[in-house]
Amino acid sequence: MTLLYSEIEEELRSSVRDLLADRCPPAAVLKRVESDPYRGELLNSVYDLDLWKTLAGEIGVAGLLVPEELGGAGATASEAAVVLEELGRAVAPVPFFTSSVLATRALLPTRDALLGELADGRRTAALVVSFTASPYAPSRGASVTVDGGRLSGTVTGVAGADVADVLLVPVDGDLYAVEGASVRVAPSLDLTRPIATVTFDRTQARRVGACDVAAVLRFGAGLLASEQLGVAEWCLDTTLAYVKERHQFARPIGSFQAIKHRLADLWLDVVRARAAARNAASDPSSISVAVAQSWNAGVALHAAEEALQLHGGIGMTWEHPVHLYLKRAKATEIALGTPGDHREALASLVDVPGPE
Amino acid sequence: MNEAEIKERVAAFLAEQDPAGDRLEFLRARFDAGLAWVWFPEGYGGLGAPRELQQVVERELADTPRQLHAGMLAIGLGMAAPTILTFGTEEQKRRFLRPLWTGEEVWCQLFSEPGAGSDLATLATRAVRDGDEWVVDGQKVWTSGAHHSRWAILVARTDPDVPKHRGLTYFICDMQAPGVEVRPLRQITGEAEFNEVFLTGVRLPDDLRLGAVGDGWRVAQTTLMNERVAIGGGPARRGGGMVAPVVEAWREHPELRTHDLHQRLLELWVETEVTRLSGARLREQLSAGQPGPEGSGMKLSFARLNQAVTGFELEFRRDLGYDDWAFRRSESVDFYGRGPGYRYLRAKGNSIEGGTSEILRNIVAERVLGLPSEPRVDKDVPWKDLPR
Amino acid sequence: MTLLYSEIEEELRSSVRDLLADRCPPAAVLKRVESDPYRGELLNSVYDLDLWKTLAGEIGVAGLLVPEELGGAGATASEAAVVLEELGRAVAPVPFFTSSVLATRALLPTRDALLGELADGRRTAALVVSFTASPYAPSRGASVTVDGGRLSGTVTGVAGADVADVLLVPVDGDLYAVEGASVRVAPSLDLTRPIATVTFDRTQARRVGACDVAAVLRFGAGLLASEQLGVAEWCLDTTLAYVKERHQFARPIGSFQAIKHRLADLWLDVVRARAAARNAASDPSSISVAVAQSWNAGVALHAAEEALQLHGGIGMTWEHPVHLYLKRAKATEIALGTPGDHREALASLVDVPGPE
Amino acid sequence: MNEAEIKERVAAFLAEQDPAGDRLEFLRARFDAGLAWVWFPEGYGGLGAPRELQQVVERELADTPRQLHAGMLAIGLGMAAPTILTFGTEEQKRRFLRPLWTGEEVWCQLFSEPGAGSDLATLATRAVRDGDEWVVDGQKVWTSGAHHSRWAILVARTDPDVPKHRGLTYFICDMQAPGVEVRPLRQITGEAEFNEVFLTGVRLPDDLRLGAVGDGWRVAQTTLMNERVAIGGGPARRGGGMVAPVVEAWREHPELRTHDLHQRLLELWVETEVTRLSGARLREQLSAGQPGPEGSGMKLSFARLNQAVTGFELEFRRDLGYDDWAFRRSESVDFYGRGPGYRYLRAKGNSIEGGTSEILRNIVAERVLGLPSEPRVDKDVPWKDLPR
């Protein structure tokens, strides 16, 4: 086991970070979510598909998890995790997690040709499960049935569906590919990864193969811990920079001891989140995933909440990006199992049983 | 003056003034009869009576016309009026207090600036004397109701060469003067409760100055003291307040319950209840004439609780949606009329607005617990030389 | 409902506080627990019976809860609560809580003549239930049976038994008075209120009347919240005094913001503990008691833990009294129901039911 | 020097020296062969080799005689030796290092004082020059092993007229000198791990001075840096450390479980595990030659965890008893050999000893996060004029 970043991973990180710094600074993301401020619903176009094309095609992130013989890069989950750290740091509105992690991981056992198309970024897919589902409740929010190769029913809270060319729908242990279902984006807490309700009404579907949804969600939850780490890191770094700059009472507010101590404690939490994320990426066992999710979700949220508070009034304004991170952090606390769900799972995984 | 005498006054007033007549005329008459705020002096809408007798008047006049938009008058009634009463000239009191109270003229507050939040005294908006006028330039922020307001209370720097507390002057700002620009300030909830106010070459006659030149900090203390009094309170009923919608949802959705959430909800319920009891005890102390220092802490407790409870609610509901991101002005905080996502985001402001929790902890530590202050580096430095 | 202190209560407080300041300062208590430092077990004499005689006889605290017609003062629980605040503040080693609250409350419904003797302090009693029992598990730690007027069995963790002239033993809904059972004091976490194992071996007993142990323990738990308030107040006050005096880095350590903020938060907790304690004393309903215990136990413990930490090294020494408060606070966290037990009870009392 | 060469040296040494012979003779010979601490220079028990090669030596000599009372030598080996090596004279190195390493002479540390804990540099123990001697007066505290010690490392004030960091001098104190009095210091656990040491007119020859007069603070930094390195570590095994006895008790006592406790235990288990992973990652960084700043936080994390876990354990067991209050000296912390009450009380010291958690948070904030320091009021003030 190594919990460190390899040289390859550091190179990958640099490429992604440089690209995002250039093309996706917080101000650009803010602009996207502001595109139609006076309507209740946001435009679909929160996703930056040009950026995604570069990320997927030039840097090649879309195919990281796809074996080389299927047209991908045959990289490890640890490499995908590094990409997620960077995307989390930027709350970048691209469908990496939904298409290149969740949907790709669902497809992998089937070795379907679609994998090649996803791997080079030509097409984008979404796994049609609710983002509130978890390895322990994989069908939460879903009520889809299959009848003669046609799907009917609804899945609420689906992330990435609005940007997907293909929808991958797990029903009763099988995975179906669908194009052209009804995807209605709902106003979402997380502005940079909106959720949608997907409705099937005797929709034509192609059976792709078998699908263990719980396993897919567990894999996703493990990697989500790296995205949460990235969110936490941005919040900590940005807050550190702010409190060093911002003066009140003729001192940088970062020289006030109460603030210093809170940031030291937060840093300790982030250090441990990094270890937990690395561990879950290199050892995606049920225990590692549950540990990483039950810790990192809370750390990302706490980091975002502290960032907002320590920014004072400016943190409460739409024009400062900290709210994008708060909303992402809160949404991922709920996504793929709450910290409490993951702790509850640990009770049996590590033999700390509840009251009888 | 006692309760019986007050009741007599009200009766005499009602004998002369028909509540069914013109609303504004009625309110003006009520002001002139000294029944606006009985603890104010005679001639300024009051009778010089003890403050607690006001509730007698309110009870007696419960069914008569009231000011429109009570919420929008909060800053005028709660902050501008006591300051004008304390520091205003005879002429200022006559000019401003009556339309302020009747609601004919709405007031807002131009204190905070982007660079001066917790450290208000470091504010940078300049007022430069030009004959009988002052020319004001600067930017204010977190101004609620600025777009409805006729007047504002304003603190500006008139002398940058002395330490920060000493170079301030307090003004009444004419919000219709040229150079006053009001822009809505969108918040993380999507809506705009507040405004930014840009002041560019705004000319205010010297008779809009409140208090002496250079005495603005002392005048502002009166305003802020009245702000602090207004904040606090809290639910009077067990199980009320922010935890109520959560408990309701909890009862309605057994399928969402987990042991983790259950234990945490019970903890929040207990904290809510002891905080409520603490507020109840505070009110008993006040009505027994034994005000204790406990009030200083109520806002801190409620900010923490509101944030914890609303965060819990979203997690319990596993709610990834949001009711409405539309950018609109809102006149007040509507915790219960909006969805849990709004409650969660809006509650984040509770530990910032009206004094951050950090500043309030300083205040409790120093004023209540008597702990020594930190070494000060800005006491004797001219404002213009302060690091910022 | 009033949550304030009445004038009578303030007078009572003054008398008790003055007496304790004179006769029972922390140094005197420390001396008692040091009486035999080189033996593992403490001497029985941790109790200050001279002090108790004055408290009971001259100030009259022993009879507060006993009606006047039975030889007592006929006072309210709120008055007894004020006495407990002061005794908590002093971790005074006297049997007020065990004899004048728990045992007396158990006897009250029987109107037994023993009440008069307890009320004037001539005799002292203990209720033979484990201090780890609670209103929700009233017989925890007890295994006593009755056969032909004789008791057999054991009760562990009994507080106040070693200083009692009479033992009151609840068995199957009845209360028995016993003199001369085996009382073996065990080394106790709480040095100032040690616990004992009481063993009956066909011990002669007098049936005094009926006894609802759960109700007695609930009443005791409600008042224990006032003792915990006193413990918390001493810890806060003593720490405030220390951090104002103690200089490091040429400043009083109480001028460091991180310490100021922690003490401000602690004060807020204590303010709420006061309201909760007053409420439970004036309204001893199940809800009020459960609220007060689940809050105040934690506040007393947190106050003691903060006191120790902020005293630095000196707080870790036996010669400084803060450890007496820490041990008392930790013991009362467990006594008569843990905070978790009381919260669990609230679930049904206030209709916040658990998962189905 | 590489691994093969070190192995050769060990083989050559073992060819000459019989491990079955006299223990002390063997250890002295090992020192003289440079196999005591290979990273020390030749002639001082080392070979000037890379530090990591020491483990090769330890492996090769695993079955040979070792020092008695390894625990008692910790201060000598970990703190005194590197300081003597760095600042000692040739003569001091020759005199002290060998018996220190063989365990013939035990060392203790005379740094902390009742008035100088976190702010060590403010210490008041005076050393006044008298010809070729120094006369030392003062009180030290938290000295472990003082009653076994032949020597101590001591910091004393030699010039009260300069700012506090500048007036200190570092000495080796002869613990057998007249005027040295050692008293056990009883702790809240009942036992005495530490001592108070009273120094009354203790005369030390000037050749026991380590480093220049007035340079004591810099010398002490070397000592303290080596202390910090020694603290940390933590369990290598999942579920190990302080949480292990709790989980064991939890499994054995289903009748004591509640939902409240269950949820809290799961949280503590997770925190233990991420802290362990963090320690494992730190070790990987170190062995990859990429030491990160993460080490600064380990002690903070363990202190918090140890206190939370042991507090939980007592509550879970509903344990009102204590295993043993007897006042006795103890040579080391025995977390697992004692009862849960002892663990709870002893763990309270974890956030105080070796740097309080408050000081460690300052260090993390300033040295790791680069946050500005607080205004200092003691920098340029002569020590004798400092408020205390």
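Chains: A, B, C and D, in written order; residue numbering restarts at 1 for each.
By definition in this document, a residue touches a chain if its C-beta (ideal position, glycine included) is under 8 Å from a C-beta of that chain, and two chains touch if they have at least 3 such contacts.
For each chain, UniProt lists the protein as follows: A, B, C, D = Acyl-CoA dehydrogenase.
From a predicted model like this one, the values you see are computed outputs, not experimental measurements.
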Query raised in the report: Farthest from chain B (Acyl-CoA dehydrogenase) in C-alpha centre terms, which chain would that be?
Result: D
Query - Centre-to-centre distance between chain C (Acyl-CoA dehydrogenase) and chain A (Acyl-CoA dehydrogenase) (centres being mean Cα positions), rounded to whole Å - result: 52
Query raised in the report: How many Å are there between the centre of chain B (Acyl-CoA dehydrogenase) and the centre of chain C (Acyl-CoA dehydrogenase), using C-alpha atoms for each centre?
Result: 44
Report task. Report the inter-chain centroid distance for chain C (Acyl-CoA dehydrogenase) and chain D (Acyl-CoA dehydrogenase) in whole angstrom, where each centroid is the mean of the CA atoms. Result -> 40
Query raised in the report: Taking each residue of chain A (Acyl-CoA dehydrogenase) in turn, which ones touch at least two of the other chains?
Result: 251, 256-261, 340, 343-344, 354
Report summary line: Two or more other chains are touched by the chain D (Acyl-CoA dehydrogenase) residues 258-260, 262-263, 358, 361, 374-375, 377
Query raised in the report: What pattern do the touching chains form: line, ring, star, complete or other?
Result: complete
**Report entry** Touching residues on chain B (Acyl-CoA dehydrogenase), where the partner in the complex is chain D (Acyl-CoA dehydrogenase)
**Finding:** 259-260, 262-263, 374-375, 377
Report summary line: Contacts from chain D (Acyl-CoA dehydrogenase) onto chain C (Acyl-CoA dehydrogenase) in the complex sit at residues 112, 114, 116-119, 122, 141-142, 185-188, 190, 258-261, 307, 311, 314-315, 318-328, 341, 344-345, 348-349, 351-353, 356-358, 361, 374, 376-378, 381, 386-388
Report task. Under the touch definition given earlier, write down the residues of chain A (Acyl-CoA dehydrogenase) that touch chain B (Acyl-CoA dehydrogenase) in their complex. Result -> 37-42, 131-132, 140, 157, 186-191, 195, 247-251, 256, 258-259, 301, 305, 308-309, 312-319, 323, 326, 330-331, 333-335, 338-341, 343-344, 354
Requested in this report: Show which residues of chain A (Acyl-CoA dehydrogenase) lie in contact with chain C (Acyl-CoA dehydrogenase) when the two form their complex.
Outcome: 256-261
Report summary line: Given the complex, residues on chain B (Acyl-CoA dehydrogenase) that touch chain C (Acyl-CoA dehydrogenase) span 238-239, 247, 250-251, 254, 257-259, 262-263, 265-267, 269-271, 273-275, 277-278, 280-281, 284-285, 288, 290, 294, 297, 300-301, 358, 360-362, 364-366, 368-375
